[in-house]
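Look for chain A in each of the two complexes below; its partner is chain B in the first and chain C in the second.
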Partner chain A sequence: MVTSPDGFVRLTLDDVLSVPFKHLVSGIDEEPAPLPCGTYTTISGYTEWVSDTQPKITVGWDWIIAPADGGSHWRRIGLPRSNLLLVDTAQNDYAWERNLVVLATVVDAIPWQEQAKTAVVERYAA
Partner chain B sequence: MQYISGTSTSLAAEVLVGLARFRHRVFVEMLGWELQTRDGLELDQFDRADTVYVAARNEHGAVVGIARLLPTIRPYLLRDVFPQLLHEQPLPCTAAVWELSRFAAVDFDSTRTTPVSQATAQVSSPVAVGLLREAMRVAAELGAQRLITVSPLGVERLLRKAGFRAHRAGPPIVVEGHPVFACWIDLEPQAGVVTH
Partner chain C sequence: MRGWQEDMLTALEDQFLDEQGIFSRMERAAVAVGFEYCAYGLRVPIPVTKPQIVMLNNYPDAWRRRYQEAGYVQRDPTVLHGRRSQAPIVWSDELFAGAEDLWTEARAHGLRVGWAQSSLDGHGVGGMLTLARSHDDILPGELVANEVKMRWLVNMAHLALSRRMAPKLTGRPDSPLTPREVEILQWTADGKTAGEISDILHVSEHTVAFHMGNAMRKLDSNNKTAAVVKAAVLGLLN
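Presenting the complex of A and B:
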């Protein structure tokens, strides 16, 4: 695994699926988007995860606490941000948008909600 | 909006002073960065004879945006102050890569009563997109194919929202409570990667 001269770490999807990611930092948006009157107040933020590999793979995404079944749950919004560029088995780059869409399915498979929640609570409770 | 660019030898002295004063207002007074200052001016060791400045001025001639371009073949912020952001990757040292730093676009007349975040203050004013495009144009004229920059994490989100193709060079690091990262900004489309 190497970093290409253009700054990307190129991996196949199978390779990425075998990479464990650990939580790095999470935070709440300082300036949430203004909401119309009568709508739910929302809390949104970001979470950052990193691999233990060398070079490190970094991936971050935005989240929102959404109402669900009388309670709430944390869910990803938007596409991830990363230094990872997926390649196919012939080592051809994914198109940028497809890269991000597929990467989103990878991060959705990470059980990130509890760790992000714990990190946010610890960070902002101080 | 008027854009100007040049070096300390090509720009008029009063313009350079205005840029340094604007930087002081943004980075020291508004964002609270601990930077070396003198007489209300913010200048550092990277403000040299070969440093290229790009600035935006409003219809009244007031500075509303600033960008600083440094060639990576000479000392630059990422290499000398934040090399850890590349996480042991080789630091760029080529005429094809320039560093964008001290980027900010703030219209103080319109933001005077509105608190803004670090990232927002730097890149979300109406001037920011135009200024960044101008900085990219100037950098390309100087031979740059890509820019690299040290930025607060929120800048990445705003760059994407504004339609720029940028990606991180490594994981963010928390500096003085704020996650910062090194960010690549492409000036030319690359094979296999679609610009959005």
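Presenting the complex of A and C:
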């Protein structure tokens, strides 16, 4: 695994699904978009994760606490940000948009919610 | 050679691949992550009084027949867990306590070790993927190495199969509801009468009835109550 001259780390989807990611930092958006009257309050934020590899791969995404089944659920919103560029088995780069869409499916397979929640609670409890 | 992950991605993107074609790719993926059996169940909450459940699996024929005859899906602890939680679960004696007959029979048919996770698509349609095998317990090290792949497979399987199967089962409208139709269904769901909605939206009662009529037709519902419930259950009012 190496960093390409353009700054990206190139990996196949199989490789990415084998990379263990660790929680780095999570926080709440300080200035959420103003809401119209009568709508639910929403809490949103960001979370960043990093691989335990050299070179490091970082992936970050935004989240929102959404109502679900009478409770709430932390859900990714938007596409992730990363220094990772997926390549197919022939080592051809994914198109950028497809790279992010597929990377989002990887993010959704990581059980990130509990760790992000714990980090946010610890950070803002003080 | 293309891996199972690329196969699943293209299954999602290939509009001409049918359910069986998608399931064949899931079987290959299951083998790649160490499981000889693979099962996918889709639960559609319409009609409300009798939700539909469709299953695809490569279990032994005898077990498939037995599971259906005994109506085990109604009390299968893995299925009940999947309705409550999207956390993965590993088969165990504790999990099947209270359904020992099912557990004993499953093992007799070679289904001894299993892992399952459910997924919801935000439209009320739930799916659950089970990966199973006849030997070798699932140890913590295996989950550390493979669980993200297995969870990814759950999401991809649900996305691909629910897109193919759910529209046929739910009667989801061919043409989408307009924002005005959604708005009127929402106020009706909140208990407002046509007269009250006309005051809220500053339109005539006739206009409210016109939009509600269109919504009922699109939702193939006989009355306002059925239309509102169907739209809500399918997540069309969010």
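In the analysis below, the second predicted complex is superposed on the first by the 126 of 126 C-alpha atoms of A that agree within 3 Å, B and C clash if a C-alpha of one lies under 4 Å from a C-alpha of the other, contacts with A are read in each partner's own complex, and residues count from 1 in each chain.
Following the convention adopted for this analysis, a residue touches a chain if its C-beta (ideal position, glycine included) is under 8 Å from a C-beta of that chain, and two chains touch if they have at least 3 such contacts.
All values reported here derive from a predicted model rather than from experimental measurement.
Chemist: Of the two partners chain B and chain C, which one touches more residues belonging to chain A?
Modeler: B
Chemist: Regarding the shared-chain residue A:Ser82, is it in contact with chain B (first), chain C (second), both, or neither?
Modeler: After superposing on A, A:Ser82 lies in contact with chain B but is clear of chain C.
Chemist: Looking at the overlay, does A:Asp108 come into contact with chain B only (first), chain C only (second), both, or neither?
Modeler: It touches chain C, and chain B stays clear.
Chemist: By the touch definition at the top of the document, which applies to A:Asp14: first (chain B), second (chain C), both, or neither?
Modeler: After superposing on A, A:Asp14 lies in contact with chain C but is clear of chain B.
Chemist: Which parts of chain A are touched by chain B and by chain C alike?
Modeler: none
Chemist: What residues on chain C touch chain A, complex-wise?
Modeler: 1-3, 5-6, 9, 144-145, 148-149, 151-152, 154-156
Chemist: Residues of chain A touching chain B in their complex?
Modeler: Of all residues in chain A, those touching chain B are 3, 6-8, 24-25, 27, 30-31, 46, 48, 50, 54-56, 58, 60, 62, 81-83, 85, 92-97, 99.
Chemist: Mind pulling up the chain B residues that touch chain A in the complex?
Modeler: Residues 87-89, 116-117, 120, 146, 153-154, 156-157, 160, 165, 167-172, 174, 179, 181, 184, 186, 190-196 of chain B touch chain A in their complex.
Chemist: Help me check something: in the complex, which residues belonging to chain A touch chain C?
Modeler: Contacts found on chain A: 12-14, 17-18, 20, 88-89, 102, 105-106, 108-111.
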